[in-house]
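What follows is subunit A paired twice: with subunit B in the first complex and subunit C in the second.
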Partner chain A sequence: MNSVHKSAYWFLAPAIILMIIIFGIPIIMALGLSLTDYSLGNPGANFVGLDNYEKIFTRSSYEKMFGATFRYVLVVVPLTVGLGLGAALLINSITRFGDLYKTIYFLPVMATLMAMAIVWQIMLHPSIGEINRFLQSGCEIGWLKNLLTLSFLGFEKMDTWFGRSCEDGMPNWLGDKDYAIWVVCFIGVWQGFGFNMVLYLAGLTSVSRELYMAAEMDGAKSSWERFRLVTWPALGPTTVFVVTISCIKAFQVFDIVEAFWTRGAGPSKTAYVMMYAIFEKGIKQNLIGIGASITIIFLIFVMMITLVQRYLVEKRVHYS
Partner chain B sequence: MSGIFLKKINKSFGNTLVLNNVDLEIYEGEFLTLVGPSGCGKSTLLRILAGLESSDSGEVFIGGADMTKVKPADRNLAMVFQSYALYPHLTVSENMLTPLKLRHLSTLERFPLIGPFISREKRNELTERVRKTAKILKLESFLKRKPGQLSGGQRQRAALGRAMVRNPVGFLMDEPLSNLDAALRVHMRSELSELHKALGSTFVYVTHDQAEALTMSNRLAVMMDGNILQLGKPREIYEKPSDIRVAEFIGSPKINIFSCNVIKSNQVEICGFKIQGNFQHFMDKKISIGIRPEHLSLTNDRNCIKGIIKHRENLGSDFFMHVESPNIEKRIILRVSPEEALNLQVDAKVNFNFSQKYALFFNSAGKRVEVFDPNNITNKKIA
Partner chain C sequence: MNFSIGQTIKHAILILGALIVIAPFYTMVSYSFKSQREIETGADTGFFGSQEVIIDEFCVHRGQPEREEVKDTLELYPEKTERDVYNILLDEVKKNCTKKPVFFNYQSAFTFAPLLRYLLNGVIVTVSIFLIQVIVALPAAYALAKLRFWGRDFAFSLVLFCLLIPVHAIALPLYIMLAKVGLTNTYAALIIPWTISVFGIFLMRQFFMTVPDDLIDAGRMDGMSEFSIIWKVMLPTAIPALLAFAIFSVVAHWNDYFWPRVVITGERNLFTPPIGMREYRADSDGTFYGPIMAVSTVIVTPLIVAFMLAQKRFIEGITLSGMK
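So, the complex of A and B:
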């Protein structure tokens, strides 16, 4: 080995050492713990092989965990990305009040979710919450009720969601297992799309004005055609980044579930998301082994998303 | 009856007047250059012609039809931009295919997956057109590359190809050569001229570079402060500028301007020398004389304008001497041949004069005035 190679390692050493301390060792420890039945405070632990993983993939509470997590990810990621892009395009196209809209949409991102959760909890309260009172008032306005129950199209009042709710009472948003995870999704979207909007706004500033002019000269008459030809490809790198960040953030959802249901992840565990499961098993119940194995599965998901992102950035959306 | 006609175009951005009642007629098949310093409104005028920007008032006629309110896509003009504006995610051939697809294929035929299937024949035809254009521009070997993998000159060609491929009635070019390096720029000048001759369509070319304007155009329009100061053939503009600003803008190095006094109705005085002419309208007014550097000549006669060389510029084929002369505020620039320059070092004393017929006279408003009887212009030297 010549001296140039040797000095390279010296320059790399600080970064590599930090990587090992911050990422490498904890991950290896988690991997090790996930193969044991260790509990905090116990003098030792038994090696249990893949038992923990087997439990995760066979027991019904973990099936609920995957169900809730994937529901959340599959709803929240497309919506936050789509709304973020939509809001950014709209704000970019107006000449006035752009800053005002930016602030409004970004406020939920800055707000503390725990505090916001309390406000939402009150608003979503089945009898005194604003949301149900508002919906209820819709039932009392004849034409609005007609419209929302689609009775003008000949539907019976029990055929539509709104009609049933008017008859049987408005839903118990946080207490009903049919609604719980979707309410969490809604709040995730409300809270998350402002951040994506800011990323897209930054991406939009780099799109050259001359490209739009060229597209117009070339015959792209509608704004949709110009969007397809210029804006969307130019936002490719931004989109890959935004989707990756949104996915990872969606897998990490925890605080809103913890704030709404301190005793356990929603009615019949319908909002039992992965992070919450790690917290419940590893910390609340002191089952470090199983907590660690959920963590490893979580890391594998995040790792896969990151690898897809790397591939897309390098092969598909990097033009120059 | 084609050609382009811009009528009484006005445009302001906020409080800034960018175009002030501009009239311009562009003949069919000509190469017309809009030249002027940055901020003179030339690019805005081009964009109004393209339809990318709307004028506050005025009309645009293309091929005899009123196109003032017509969308850019329907004007059948093509544009080449300074940044080339190639779509970065598409290959060169896809870039060139884009305007054809948008024009000749319906929305359904452009639809992904089923589109190519139902319009295969049309697409083959369009691809053939792209191939032909690429052959003319010698782009064939780059068709599969993306703009990011091309050099500046190749991108320039690809942008030209995208403009050419659909046979527009006119080409609009917004400083297309200014991102190229000097050698390539000179080369592309001749190539663009040849392309213009070969295609025979109208070219409207915007530039701030007077060399491009003088070398390529059939006619050029010198713009300043939102007005067209002069419109004419390159030679006419160079030799008979109608305005002192035109004289100063066109020509490199800049024209020498001497201010002088009218002493008699038939005589002005410059550095103690007299020029005969018809000055009766300019009595007691300032008048400026412009003389191009190549029209000043060195002489051994000591009775001429004197000066001291302060700076010499070697251009290889020519030398430019910057001379300071008593009684003249600005430095005078004169062109000398390399042989003459051999003996002339900085701080050398020189004498020079010029022939009367090259002197351009401008009144106090900056307009050029004729002072000589056109039938009787002499080659007489001033001293």
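So, the complex of A and C:
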């Protein structure tokens, strides 16, 4: 019935041409440039072999880059996935107001991250920020202080974080290198878990009721048993997808870092994530060779994640 | 009604989570109503603040009495000294510049930098991106789903490959290409990398696969060209999917900060809203919290309101990428 259609080429041509211009050429360019010391505005460039890569894997500032990126990814991915799943399960199991919670948790996904990061920055201000005011007020309420310093368990007040902070003053969240990257992680989790929650809620609707009944008949009485035997395996494909997409998003963190620190990516560069490095080296400092090398390494990471995903999908992660 | 302990605990956890999620939104809107003093002292003046009038220093500065004006007025009141007249005029200006913090904040939001222009840029860029994405993706998706031709599998695998690559990741070579052809600091630069949405092609192809062939054949019988089949037969069936894709695309590009930051370096007239926010926080000590929170509110509100009105569609649209 279907004949060969010449018009198909006309329909595909714009898409193919744009794919080549926007994906093909830049990737090849990045590969080529990563082997040179090119700068925009220079007439030519020298071939430097793998020097750029060597620099990236030996110099301490790039060590910081990998440190910050992996810290962020390794904290944000499990937390956004875990909280997303937790919220979805809770919302799915309550009888009322489920839609309301869903709406609220989804708000940060919609909101302009740049704007919200600036709001967080003001809230995290060491002296006038609401967060430190709130914590400080906890120091003045006796029972709350006892609770948070764990002194009701027999701990010395000064041995706990909260107790020390009450005495020495609350932390300078964004100015202290011990806190900076973790605060960025927190904002990332705040922003991202609602998205995963919605994906999990969609996944949960496909878990069939019969499976639960069958599990119950086989003696899975507690809700934990039901989760372990039915829900979790049935959510396998969703989880693989959610983890992959969370990883790829986490690798791309940039807005929060730029919003918090107008220059420098955090105290002692503790929040020097990869996208920031590409931006700083490649565009601000015009060290295109280095920027291109980081781009290539970045692409390799992203590709690896996707390959693992494809492998898992093919292994048929769902046992249902 | 059913008050089980389990349900109560679940609600308690969910409410705690909701409070943390909402906190910055609450702060943002509340601060956009408050004066600098209220924010700095943290006085408990409720959500809307005390709305105690403040003197707008910028306004006073702008309205400072000119020497000429003082001289003219002096002729009317010869018994007064120049200094007195100046002070009287200044008092008049101050009176006119006295306003409630909420007005000060929102007025400064629009006057301190051309926020309206930024918003307009945001609209121009997001709408153009979406329209071009549809014009490019729909025929391609139709060809991949419904037409048979040599090289189809290859073309589709190309789409699947590009699906792996986040455009932000290849921003540097894209930037160099645009710089080489002299397109940085133009609308074109903001739009070009997003003209092709491989995700859109993939999505529409999956959708078109479900459209029965009979519908297309009927169109062919009526003598429609393949081109008009796309726009007159396929497009109308695809409206729901297209709407979801529109939301996905608009949200992504309205909120995008990284790409405009890369490609708009000096030309302030081309700032999109997220980039425009930088203008309000030149240096850390001089930040006026009220106005910047007003700007944030103005930028965040359109999408949030749209989301509230059409929640189901939004969630559907944003999570499209979860569809298999």
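The rule we apply is simple: the second predicted complex is superposed on the first by the 294 of 320 C-alpha atoms of A that agree within 3 Å, B and C clash if a C-alpha of one lies under 4 Å from a C-alpha of the other, contacts with A are read in each partner's own complex, and residues count from 1 in each chain.
Just so we're on the same page, contacts are C-beta pairs under 8 Å (C-beta built on N, C-alpha and C of every residue); 3 or more make two chains touch, one makes a residue touch a chain.
Nothing here was measured: the structure is a model prediction, and the numbers come from that model.
Using the contact criterion defined above for the overlaid structures, shared-chain residue A:Glu216 touches subunit B, although it does not reach subunit C.
Measured by the number of subunit A residues touched, the leading partner among subunit B and subunit C is C. Once the two complexes are overlaid on the shared chain, A:Phe279 sits against subunit C while remaining clear of subunit B. Residue contacts after overlaying the shared chain place A:Ser208 against subunit B, while subunit C stays out of touching range. Legend: residue contacts after superposition of the two complexes on their common chain; A:Val119 is shown touching subunit C, with no touch to subunit B.
Within the superposed three-chain model, A:Thr306 lies in touch with subunit C and out of touch with subunit B [touch as defined at top].
In the superposed model, A:Val73 lies in contact with neither subunit B nor subunit C. In the superposition on chain A, A:Val230 makes contact with subunit B only, not with subunit C. In the superposition on chain A, A:Met170 contacts neither subunit B nor subunit C. Listing the residues of subunit C that touch subunit A in their complex gives 2, 7, 10-11, 13-14, 17-18, 20-25, 27-28, 31, 39-40, 42, 136-137, 139-140, 142-144, 146-150, 152, 155, 158-159, 162, 164-177, 179, 192-193, 195-196, 198, 201, 213, 217, 225-227, 230, 251, 254-255, 257-258, 261-262, 273-274, 277-278, 281, 284, 289, 292-293, 295-296, 299-300, 303-304, 307-308, 311, 314-315, 318-319, 321-322, 324.
The part of subunit B that touches subunit A in the complex is made up of residues 47, 50-52, 71-73, 77-79, 81-83, 85-90, 98-99, 102-103, 146-148, 162. By the touch rule above, subunit A contacts subunit C in their complex via residues 1-12, 14-16, 18-19, 21-23, 25-27, 29-30, 33, 40, 83, 87, 90-91, 93-95, 97, 99, 101-116, 118-120, 122-123, 128, 130, 133, 190, 194-195, 198-199, 202, 237-238, 241-242, 245, 248, 252, 254-255, 258, 262, 275, 278-279, 282-283, 288, 291-292, 295, 298-299, 302-303, 306. Residues 208, 210-211, 213-221, 225, 229-230, 233-234, 236, 317, 319-320 of subunit A touch subunit B in their complex.
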